[in-house]
Every structure is written in structure tokens, then in C-alpha cells.
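For reference, the structures are reproduced in the following blocks.
Both complexes below contain subunit A, partnered by subunit B and then by subunit C.
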Partner chain A sequence: MMKIDFSGLEPNSLLRGNPNELLSGLSTAPEFQIPNTNDFDGFQKESVQMVKPAKGTTTLAFIFKEGVIVAADSRASMGGYISSQSVKKIIEINPYMLGTMAGGAADCQFWHRNLGIKCRLHELANKRRISVTGASKLLANILYSYRGMGLSVGTMIAGWDEKGPGLYYVDSEGGRLNGNRFSVGSGSPYAYGVLDSGYRFDMSVEEAAELARRAIYHATFRDGASGGVVSVYHVGPDGWKKLSGDDVGELHYAYYPVEPTVEHEMAEASSS
Partner chain B sequence: MARYDRAITVFSPDGHLFQVEYALEAVRKGNAAVGVRGTDTIVLGVEKKSTPKLQDSRSVRKIVNLDDHIALACAGLKADARVLINRARIECQSHRLTVEDPVTVEYITRYIAGLQQKYTQSGGVRPFGLSTLIIGFDPYTGVPALYQTDPSGTFSAWKANATGRNSNSIREFLEKNYKETAGQETVKLAIRALLEVVESGGKNIEVAVMTKKDGLRQLEEAEIDAIVAEIEEEKAAAEAAKKAPQKET
Partner chain C sequence: MPIQQANWSPYDNNGGTCVAIAGADYCVIAADTRMSTGYNILTRDYSKIIQLADKSVMASSGFQADVRALQKVLEARHLVYQHQHNKQMSCPAMAQLLSNTLYYKRFFPYYSFNVLGGLDSEGKGCVFTYDAVGSYERVGYSSQGSGSTLIMPFLDNQLKSPSPLLLPAKDAVTPLSESEAADLVKTCFASATERDIYTGDKLEILVLNAEGIRREYMELRKD
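On to the complex of A and B.
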């Protein structure tokens, strides 16, 4: 049976043996040598399992009347070791689009920067900004072409384009969802609890930011893999703006101040 | 000069790409095609050479759809056109797949022009022997657009343009008579322009009208005949008006 010839569908393989230097490596997925094992499927499964627990983080984003709020913690963990408390998990793709990081830090950072390049090229070629739909689709297509190769990315693309505020969830399994509220990471169940119960469409920017802050804080309280600093960003019609960055330890005492007890006062009196 | 038209990738000493210029000659021998952009309507008209009696004229459509909101007419080698049109149609769908958005007219024109240019800079291939007129509405802003590409791979936007046989006369006519029109007026202007070089009659021209709401609509022969009749009347009336004052003096 003759194999169906899909060569016409490849946009850049117009003339055989005439590689298009400008675009090589940018729009087509680079070719990958398959690892030299006997059991390729088993190897794939193992490599996926190795990276799986690494989505230790809490990120969330939601659309409301005034735009999109994006918030994340800043802890990076390697198993039980906290490797950093100050990771930037909200990546600035361009002045009007943000991406969040969950999963492999290197994977998220690299592919978000690559997405930023593609968005800029689209702008230059088409004289208009790319839509959030288009940007998320570009990322999802790339991640899908690497499916099964061990990438670990669970990201949300948030932005404001001609159609208004936009929010998409994209992951390394190749999934892409459009929605109003998302939370990604090991702390997401806790964040969803606070977010879903406190969410209203018509909030002010301050109220929405406070809701996001509290949701992340509660996730860091219960989830060991989340912590550090809560960053909150707002995406409006003129682009994104960072609203706050609060240490969760300090937030804890702000939300739950310690009641001074009799022993405290006596200890202070004797020391002063 | 004759030495420089065998391997097409070379320049002549005075800076010409002869194969490209010969391709433009092929275009000049092709059917006349005209495009007119109105405020809410864009019209494409193509000269139809007399169809042999036994030929099924419906199988020789000269104005084609590239997508729901983009259409194309061309002058030159029809077989080359088929290849270009297929590639453009695939690109329209591929764009919808990768960015979930329909193409803009400018994007697909740039793609087609890029394709035509590639074939002027590769070994062993010849340029496409056709110029295209591409019309469509921007999927978001709804602004109508008319673009033209040629075998060298250049493209530009136009308010009204013609290509193919006698395109210079048609263009002169359009330059003299163009004004911003809408709806039926745009159709009339396009047909009047085409009638400058084509024998009048519904069976000698093919006209298609694109609106934002209804997309591309091919006009029936009867409709075209009716409009041609209107135009003839208007022309006769204008002639009579010109002659009448002369009689009085």
C-alpha cells in the first residue's frame, strides 16, 4: 500500500535539498535521535516518571472584569531539598503577555523565551500583535511535537489582545485549555479552594490581587513544595504590571497575628 | 543577451533576470483580469475566451476561493495557477491550525509572493508564469483589501488594478474613472473596466463579488448580461447628453 504523501503540507520543505536557513529550527521541530535501548516504550515511561514529581509549585491565574491576575510562589525543590526560595515563576513573554512556570524550570524558561521570539517575529511580519490564542497555540504545538520525550511544562499563558483578556493552560502532554480560572502545581488543590470560594467576576484590581495572594499563601501553608515569596501581576489593556511580592512568612503573621499571652508579657517585662 | 536565459538563477550584465521578464510576457498574453475594491464590496472580473461548444464551462472556473473570506483571480499559465492555488489553500488551513486564526489578506499574499520569489532564486526550476489578484476582508477589522502579485515575487495593495491582456488600457480607464464605491456600483465599475477590452456580453466575462457577510458569489450569466445592458444604456445616455448641447449651438 502506498504511503500517503504529506510533503505538500510541510510549509518549509518546498524544494527538496533546499533548506530554508532563516526558519530552520524555529518553526519546525528539530529532529531527535531515538535513544539506543531495547525497550523504547519502557525507557519513555521511566523518563516521564523521573521528571513527574517536579511540578512542586503553586501558580494561579484568573480573568475578571479588569483583566487577568497572575500569581505564583517562588520555591524550587529537588525532592526534599529546597534549592531556592527566590525563583521567578512568572515569565514576561512580552509587555502584554505573561507565562507561568510549573514543572521543569529550564523547560519552562527556555520555551517561554522561544515563544517570546516567535511572538515578536509574528508582530514584525504581520504588523499586529499576536493574539493570546495564537501564542498559546504555538507553544502547545511545539510541546506536542516533543510529547513523550520528557519535557515537563505546566504553564498558563495570560494576556490582553484585540479580543480582550485571554487565559490558556498549556502542558507538556500537549493539552491546551481555554478558561477563566486555573491553578497549576502541587499546591493547586489548596489554591483552588480559596480561589473558587472567593471569586467574583466584578472585583476591583486590589480585591482580585488580594484574593490571589491569599490563595497562594494558603497553598504554601499546606504544601511543602511551595513557599518563598508570592508574586502578583495584573494584565490590563496596556500590558502587565507587577503588583506585589510578599514573603509568605510575613503574610502568615499578617493574616494570623499572634495574640500576646500573659507569659509573653512577663518575659518581656523581665528582659527589659 | 540570449546567453542569459538558460540557467535562470543568473543576472544579465545589465541587471536583468530574463526568465522573470519572459514570465511577465506570458502574463501579458493571458486573459484580462480586473479587481476593484469598494467600501463594503470587492469585485473580481476575468475575461472568458469563447468556450468551445462541447466544453462544460463550469469546470473552467477562473475565480477561486482560497478560504471563506479570501478569493483569487489570475492571468497567465493556468496550470501554474493550479499549483499555486493548492499551496495557498493548504497554507490558509495550516495557519488556522497553528494560530487558531484565519489568515489576513496580506499574509496569504505575502505567502504566495514568497513562493513565486523562491522559484526565481533556485536551480533547475522556472518562475510561475502568472500574476494574481487577491481579494478579501480582514477577519477582525472587516477592512476590504485587494492585492496583486507578479512572477518576480513582488506584491502591493491596490484600490483597483488589472493584469493580463491589455491591462494597461484597463488600468488607464480605472485611473480616470475610479472613485470610492459600494455595493452594485463597485460591480458596475469592474464590469465597465473589463468591457474596455472585452467584447460585451455575459458569456465573455466571469464576475465574482465578495462581501463580508456572504463571502464570494459568482454572478450568473443572466445577471452579468443585465448589468452590461444597464451600462450600455448609461453609455448611450451619456453620448446623447454630449451630442444634445452641440445641436443647439
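On to the complex of A and C.
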């Protein structure tokens, strides 16, 4: 009995494209060198331990009356060491679409840049902008083809297309969800608490931005792996705009100013 | 016959530390010259710094065989760029090339921790810092390698530059002069050498500015 050939549906078949120098990496996924070992999974596990990609983060995005708000912290940690306090976790895919970074920093940076290239090619080929649905599907399909190989990506694609504001959650397990409110990362439970209790659909842009800022601030307060600078972006019909970038240390004292006590004032008077 | 598993690792760590600091119109890139394996010193005189373009210099610590392979790939790609575009690659362009080169080995990484320093197209100093698989960002200063956990807090204290994510934006480069920055780097390595066994022997410093490149050496403790 003839067996039907399903080899084209194998996830790894998308990895081998045609070896054409100019176009390789654009129509198919870029070609990657694979180590020549019997125990691929064990090797990946060891090399992930060695490389220890930056993890631990808080990002959030939500749709409201005026569009989409996207916010994130900026801390990158490698185990217990803070490798950076100024990581750009909101990636500008194109002037009307944003992506957020959670999980492996290099994975998110590389695949978002690759997504930006694909979106631009779509525009050139079809003479119209790609929808948020389409862009998120492109990314989700690529990540699905690498499923099980150790990529770590938990991202939200937010944008404004012909159907209005759009928000999708995409991850490296191959999941893709459409929704109104998402928060991703180790600090997300804390951010959800603040975000869900303060959310209303008909907020103004300033109110929505302040809600997002507070939610990220509270997550950085309680989660050791989140911190640095809170960035808040707004996506409207004309594209995205960065609304604010505030250091969380300074936000703390803005939200909870220290009440000067009598001892304080006497100490200050004697030292000045 | 049962399946035989490989019982060797393709990687080794040769140690070492690299630092780079960006100034208003200069960039300082430095690395020690000790190459070790385990508790043994292989050589006291190995350069971890390479000049990739006339305004881009890379310093890398980690597994030096992978570092050398990476350097060769980047040099070759720069040569192709020069033939195709009839000009040198700018430092931000080289930064993205390095990131992509590292990511293409995502499933068999270069065990190389890099800092790239140079001047951008406006002549301002720029430093890019990387992890082993290519995630990168432009910063005012950075250190990588075995002594980085000792040096980074000190640089944060002395140079704390405002985050590039703040709005309204503030400049990330340090207000220090060229000679002050070079002295700061020497202080960093003198301290790191005291407490990190893989750092020492000699310090190689490169200062990149509009006039060109200047190379300096300083002796470090050899124990």
C-alpha cells in the first residue's frame, strides 16, 4: 500500500530553503548550522545553560477606545546578574506596528527584525500594508517551525490596520492569541493585578498611559527580574508614538513621596 | 553495541576581560592579554582586540578559537562590503552585522562575549555590547568576560550614564576626557586583576578618535 508523503509538512522542512545566495533567508527561514551530535536536545540544553539568555521581564499591551497602549520595563538578567538596565523591549517593526520582547533577547530581536523585513516585502509585493493578523501569523509560523529547538520568545504584536487597532500574543511554543489585554513575563501577575482593576474601554490616552505606567512600576517593585526604565508607547491611526520613558526608582518617590519627619529636618538643618 | 555518546565538549573558556567606554568624540577599547585554560596559563601575550574597519574595533573574551573564527568571518564580510559599496562600514552597520553573524549560529553558538567600539557617522563615540547569541544594544560603556561582574558596578558608579530609553532623551556618552577615560580603564583592570584569576599579565588599550587609532600597553600583575 502506498504511503502518502507528508515530508513537506515536517517542521524542519521549512529550514532548508533553496540555496540561492541573494534570496536565501527571505522567502524561507534563514539556514542555520546544526551541530553534528547524537543528542541534539541535550546539546541544546547545555548550550542554553552556557549562553543563559536574558529572561525575566514585564511587558503589557491593551486595546482601548483610542488605540493600543504598549509598555515594558528594561531589565535583562542572566541568572542572578543584571546584565543590562537599558534594554529596548519594545521593538519598532515599522511605523505602525510594535512588538514586545520577553524571553531570549537575541531570539526576540532577530525574529522581530526578520518580521519587519517580511512586512516590508509584503507591502512592496501587494501595494498595501500588511494587517496585524497577517504579521502575527508570519511570526507564529516561523516560531512553530522551530518548535522544540529551544527558542524562547513571548511577544505581543500591536498595531493599527484597516480594521482598527489589533493585538496578538505570539510565543515560541507556536501559540497565537487575539485579545484585548495581555501581559507577558515574570512580572506579569503583578501587572495584571493593577491593569485589570483599573481598566476601562473609554479612557483618554493620558489615563491609559498612566495605568500602563503604574502597572509596570508595580511589577518592577515586586519582581526582582524586572526594573530599569518604564517605556510607554501609544499606537493610533497614524502609527506609534513614544509617550514616556521614566526610571522606576524616580517613579517610586513620585508615587510615594517620603514624608519628612522632625528628626529628618533637624538632621538636615544641622548638616547644611 | 550500545550507542556511544561523545564525552568531550566542543567549547573551552580561555578567560579574559574586555572593556569599552564611549566619549563625545573618542572611544576607548581595552582587554587583558592573558589566555588560560582551567588553572593553566597558555600565554601572557594574546591580543583579544581586532580592528574590523577604520572606525570599528571589537574586543572579545570567551573561547578564543570561536573568537578567531568570528573575527575572520567579519573581516571577510567587511571586504565584500567594501567591494560592493566602495566605502568602509560604519560602526552601527558593523554592529548589526555582528549581531546577525552571531545569531546565524543560534543552535551551535560562538562562545564569544563581545564589545564593539568605534565612532558613529557623526564622529561621536559608540559602544555596542553583545551576548553570545547576538542580542545587542548601544550603550555608553560596557565590560564583558570573566572580570565583568567586578568591573561593571565600578563603571556604573563612576560613569552612570542616563538610560537611552528615557524621554526626553539624554546623551549616553561620558563627559570625561580621553585621558581620564583611559586612566579609568587602567584602574578597572588593576582592580579586576586583584580578584579575578583569569585576568592579568598585560593590558592592551586602543583609543579611537578622529585622528586615528592609538595603542597603549600597561603591565598588570602576573600571578
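Here are some notes:
The rule is short, and it goes like this: the second predicted complex is superposed on the first by the 222 of 272 C-alpha atoms of A that agree within 3 Å, B and C clash if a C-alpha of one lies under 4 Å from a C-alpha of the other, contacts with A are read in each partner's own complex, and residues count from 1 in each chain.
The rule is short, and it goes like this: a contact is a pair of C-beta atoms (placed from the backbone, for glycine too) under 8 Å apart; a residue touches a chain by one contact, two chains touch by 3 or more.
Values in this document were obtained by computation on a predicted structure and should not be read as measured data.
Applying the stated contact rule after C-alpha superposition, one finds that A:E162 touches subunit B and leaves subunit C untouched.
Of the two partners subunit B and subunit C, more subunit A residues are in touch with C. Shared-chain residue A:K137: touches subunit B; no touch with subunit C. In the superposition on chain A, A:D247 makes contact with subunit C only, while subunit B stays out of contact range.
Once the two complexes are laid over each other on the shared chain, residue contacts for A:N126 go to subunit B alone; subunit C is not touched. No residue of subunit A lies in contact with both subunit B in one complex and subunit C in the other.
Here subunit A touches subunit C in the complex through residues 30, 32-35, 37-39, 44, 46-47, 50-51, 53-54, 74, 78, 81, 83-88, 104-110, 149-151, 228-229, 231, 242-247, going by the rule given at the top.
Of all the residues in subunit C, the ones that touch subunit A in their complex are 3, 5-6, 9-11, 99-100, 102-109, 111, 129, 131-137, 139, 149, 163-167. Subunit B makes touch with subunit A in their complex at residues 86-87, 90-91, 94, 98-101, 104, 106-107, 110, 115, 118, 122, 125, 140. The touching residues of subunit A, counted against subunit B in their complex, run 8-9, 11, 14-15, 18, 125-127, 130-131, 133-134, 137-138, 141, 162.
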